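Chain IDs A, B and C follow the sequence of writing; residue 1 opens each chain.
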Amino acid sequence: MPVTETRLLLKYADEPDYTPGIDSYLMVGGYEMLKKAVGMKPEEIRNEVKGSGLRGRGGAGFPCGVKWDLVDRKSGKPIYLICNCDESEPGTFKDRQLVHKDPHQLIEGMMISAFANDVKLAFIYIREEMPKGAKILSAAIDEARARGFVGANICGSSYSCELIVHRGAGAYICGEETGLIESLEGKRAYPRIKPPYFPAVLGLYNCPTIVNNVETLCNIVHILRMGVVEYNKIGRPNNTGTRLWCVSGHVQRPGYFEVAGITMGQLLYDLCGGPRPGRKFKAIVPGGGSMKILRYDEKFKGKKPNGEAYEYGVDDIPLDFDGVAAAGSMSGSGGMMVMDDSVDILEALANLTQFYAHESCGQCTPCREGSQWARKITARMCTGNGQPGDLDTLYDMAGNIGGRTVCPMGFSTTWPVQSYIDKFREEIVAKARENRCGMPREARLIQK
Amino acid sequence: MNLKPETLSTIENLIPRYPQKRSALMMVLHEVQADQGHISNEAVEWVARKLDLQPINVLEVVTFFPSYRQEKLGRSWVRLCRTLSCGLMGAYTTGEVLEKELGCKMGHTTEDGSITLEYSECLAACGTGPVALVDEDLFENLTPDKLGPVIAEIKNRAAGGVPSPTKG
Amino acid sequence: MSEPKKDDGLISVNIDRVEVRCRPGENIVEVAASIGHEIPHYCYHPKLSVSGNCRMCLVEMGLPGKDRATGKLLHNTDGSPLIQWFPGPAIACGTRAAPGMHIRTTSEVVKKCREGVMEFLLLNHPLDCPICDQAGECRLQEFSTHYGRGYSRFLEEKNVKPKRTVLGPRVTLDDERCILCSRCIRFSREIARDDVLGFTDRGSYSTLTCFPGRKLENNYSLNTVDICPVGALTSTDFRFKMRVWFLKASPSIDTETSTGCNTAVWSREGKIYRITPRRNDGVNDTWMPDSGRTLYKQVEAENRLQQSLVRGQPAAFADALREATTILTGGTRASGSVAVVGSGRSSVEEQFLLKKLAGALGGATAQIVGRVGEGDDLLVSKDKNPNVRGALLTGLIDALPVPQLSGLAREIDAGRVKTLLVVGEDLVGAGLNAAQLAKVSIVYVGTHLDATAAKAAVVLAGLTVFEKFGSFINQQFRIQKFHRAVPGPAGARDDLVLLASLLANVSGAEAPSVMESVWAAMSAEVPALAGLSFARIPATGKVLDGAPWSSLPFIEGKTMHFNPAAARAPAAVTA
């Protein structure tokens, strides 16, 4: 029986008559949860979110309830809520769907979250490359304000909260929460050192701040609607709720899918139609360009409940936080990129190192210099000018980046470089030795 | 600084939304660029005065973010994504076709200022790659064999025609 | 070992298995430095905010483990606290001392971190050492020697950036050498409060810039050159002049104002090449104004007195001294007809001798020339004399000086003053005119042939602050020492010798003429200096009791480490 999606957040988004307008949203019960929320105590809502086990959908998978708990509520300073809609991780395009097709769901999720955290001013930081999205959100906020869901006296209560759309300008590093905050303050998006600048304590304007992903905030509506017990039935412990997975690259039917409790094989075959005609799967990057790559023929070690060890393959990887982590990678932002046997892995790596070198903010030494070095080496190898020792240099210096930087972006060079070399070393070495790196002209992945 | 009255009024309404003036910087710069086609050094100084900042503070931000341009953009701004997923679907070949058909080298603006063509990084529409942003419109599924409509639309806009919008 | 806090408020941390007592929250870079364990760093600076971006100071950090449920400290089997080491390294500059914190600055992990960062820093760094002024005091050179891997694996093209940008009148910038530590930007924003520097572009192409049309020209611009760890920001005045390893640094004091910034005067074989600030956390931190850095140029000024003069003609010192004695003692025959004009730029020791000399000259009235100007609220005080308080303490004066000596002018016009002993001041700028100078016999002790010296009957050539030892008392009543950097002209004499010789001749008794003997007399006769000697003054100076003068209307306003309101309260004397 092929699996199907579990549409919760995207239940109505792709229905033919559904529009981003407020009337569509109200017709399907929209804003009922906001009305309920303003009659509850904020702590009650926070407890619901904690009990739901909701983990951040932006990339790190940090439990949302715990993040809200860390907020300093004693400082006397205003608390801010920021929706991170800077979706820029290569392979990810799920937040685009939510924002363009069902903006009110996000707005309702934000207003409930704002109420739960005593927030009076909330922001949606949307990347510049979604100009329509910004307009759709602004229009939706105006609609919501006209009906009392945003602004003064929400749903007739004494609670007021304003919501602003703020546009980015083309920086992946604004997806990092402290980089986003710096950018929102009108400065270069240099992530902050932690300690001491944990957003929950010293965030926007050095006030306690919550930064949550679009999908995470949309889930809040459903947690309140279903209740903790029902919500926990979706997925499995520590991996509750649905997830929006994005599949791109060499599958028959790339696209976005909202699923729960399925395996990677079910996604790749049942939902995406398997590999292209005449091709075989070669490699999968599970959770966005930063994540470690998996060979399609890789085997992993698992343990049965009775303690017995067993082996499983990529198709059997449970498609959630813990499942992908157990396979040695991360589900990250859910941006899965699939490569078949037409791909030169080194070119794929060169393509990604160019991305991360371009996006490095330049603040700290390892990422600034190391990401550009990785780009230069891989680009040179792809033009057939690889030197002996290139791979060892590349691998070793990449190990000096991740974990040594101000923000986790250091890993965006380290993980791809080291995992591609770890898993495809023979192929890369053979091609470099023969100076025959590179893909056929019409298929290549880097500019020559 | 010859900003249109609508631009000035939008800017005036933008600034008080934020608890601190400086936070309005990015949105103000978007308005200025939409109005003027780029952000000149004169504009940088104007914005700095408006937000009680030093010009270097504004210039730092303008040059950090690729969407802000100090050189004038063409009438039609074409950004073709090259990151891995779009690359896997043939973005570089598409790029070559566009260069040829539009008569514009990648990373350049045509002599007559009508088209700016460049590669961009991931545009968050990977499932329908290759994709390109033409001004505010997203064009999807731009494999080398399917470029007819987007090329026509770009030329249309470059000639000053009314843009046909897309859904995204 | 985590001990309970002792009463001194200090806590214990462990650095490389050494127990260290320190203040809670103290920066780990400083704590490690206090026991001689250097943690290399670029972007950290003790007087600037922490930016934590160079990543050179990565160390291993651990904290005492606590039971999750009870919060109680966990212990090893031998009873020692269980230290939970963080899985990844942490930046020392961003780490504040907490009780029981453990730090490793020498381990395989730390070694690899430093090699990694050094390699990355050198990746795009130009091979400019042979032509770079920073060589010899370059932290990139030092740390790559100590902590680098020693060879390059980089086969690519390095980034190209502008190399000779004139940022302002005194600072030149080489962007390729810049390691983007941001010290200069933080200094300009936080200390100089002239927000004129910033980074443009992104990633490895980031470039230090001034906005086109703006300049780095504030009066503290050269401090960015001092704190730049590499040769990116250089002093245009010093550029290409001298290799620093040939230079000797002599501790001195900026004589520009009564702030008394501590300086280092760098010289080689009798020639001064530059002045930089010397750290004094009680006076000027690690900064000084640009205007004080060019003062050494007076040493070789056109009108520098190379030797003593008698009636405008070069003379041997002994002859000049004899002439001067004659004029001064002749003057005392008519009592009250000798006036003494000293200087707020003379040292305490010189002012002490001058007071004695004034006394020996029949109790001649002594005054100094006041100097008032614009100050800022940083390191430039309104009093342009460095040592008015020295004159007060030694009793040379008992009221604040005025810039125009109109009283003296009247006395000269009235014919009551016929002889002048002038030490280091040009009276033409102080309210006297050529006609008045012509009416008197002048004995001039000083360093430059100014308008007064030109009219003097005898000129005794002395030494500038760079050529002698002495002390000044700044606006905080802090006595601070300066040291000779270069020898003076062969025909000049140390001012102590000049004044003591005159004193001995006029009084007929021996006079102290060297530091030790002058101080012996000073500490005996000046209450505020009791028990002190030149050697005993600490390198950062010593704050004296200014209470006896607290009612005087000092003109200084608030500057970096000086608050006049606090100063007026006698109890607010801190060392």
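By our rule, a contact is a pair of C-beta atoms (placed from the backbone, for glycine too) under 8 Å apart; a residue touches a chain by one contact, two chains touch by 3 or more.
None of the values given here were measured: they were computed from a predicted structure.
A.B. asks: Which two chains have the most C-beta pairs in contact?
C.D. replies: Answer by contact count: the chains A-B.
A.B. asks: What is the chain whose Cα centre is as far as it gets from that of chain B?
C.D. replies: C
A.B. asks: CA centre of chain A versus CA centre of chain B: separation in Å?
C.D. replies: Inter-chain centre distance comes to 24 Å.
A.B. asks: Centre to centre, by mean C-alpha position, how many angstrom separate chain A and chain C?
C.D. replies: Result: the chain centres lie 54 Å from each other.
A.B. asks: By the touch rule stated above, which residues of chain B touch at least two different other chains?
C.D. replies: Touching at least two other chains: 57, 60, 64.
A.B. asks: Among the residues of chain A, pick out those that touch two or more other chains and give their numbers.
C.D. replies: Expected reply: 171, 188, 358-359, 361.
A.B. asks: Going by the contact rule already set, what residues in chain C reach two or more other chains?
C.D. replies: Each of 199, 201-202 in chain C touches at least two other chains.
A.B. asks: Under the stated contact criterion, what part of chain C meets chain A in this complex?
C.D. replies: Residues 50-56, 58, 88-89, 91, 94-96, 112-113, 115-117, 119-121, 123-124, 153-157, 159, 179-180, 199, 201-206.
A.B. asks: Any idea which chain B residues touch chain A in the complex?
C.D. replies: Listed in rising order, the residues are 17-20, 22-27, 29-30, 51, 53, 57, 60-61, 64-68, 79, 82-85, 87-90, 92-93, 95, 106, 119-129, 133, 136-138, 144, 167-168.
A.B. asks: Spell out the part of chain A that touches chain C in their complex, as residue ranges.
C.D. replies: Those residues of chain A that touch chain C are 171, 188, 190, 193, 195-196, 357-366, 368-373, 376-377, 380, 387, 389-390, 393, 397, 399-401, 403-406.
A.B. asks: Could you pull out which chain B residues touch chain C in their complex?
C.D. replies: So the residues of chain B touching chain C come out as 41, 44, 54-57, 59-60, 63-64.
A.B. asks: Can you list the residues on chain A that touch chain B in the complex?
C.D. replies: 78, 87-93, 95-96, 100, 121, 127-132, 162, 164, 166-172, 183-189, 205, 246-250, 254-256, 285, 289, 335, 337, 339, 343, 348, 351-352, 355, 358-359, 361, 441-447
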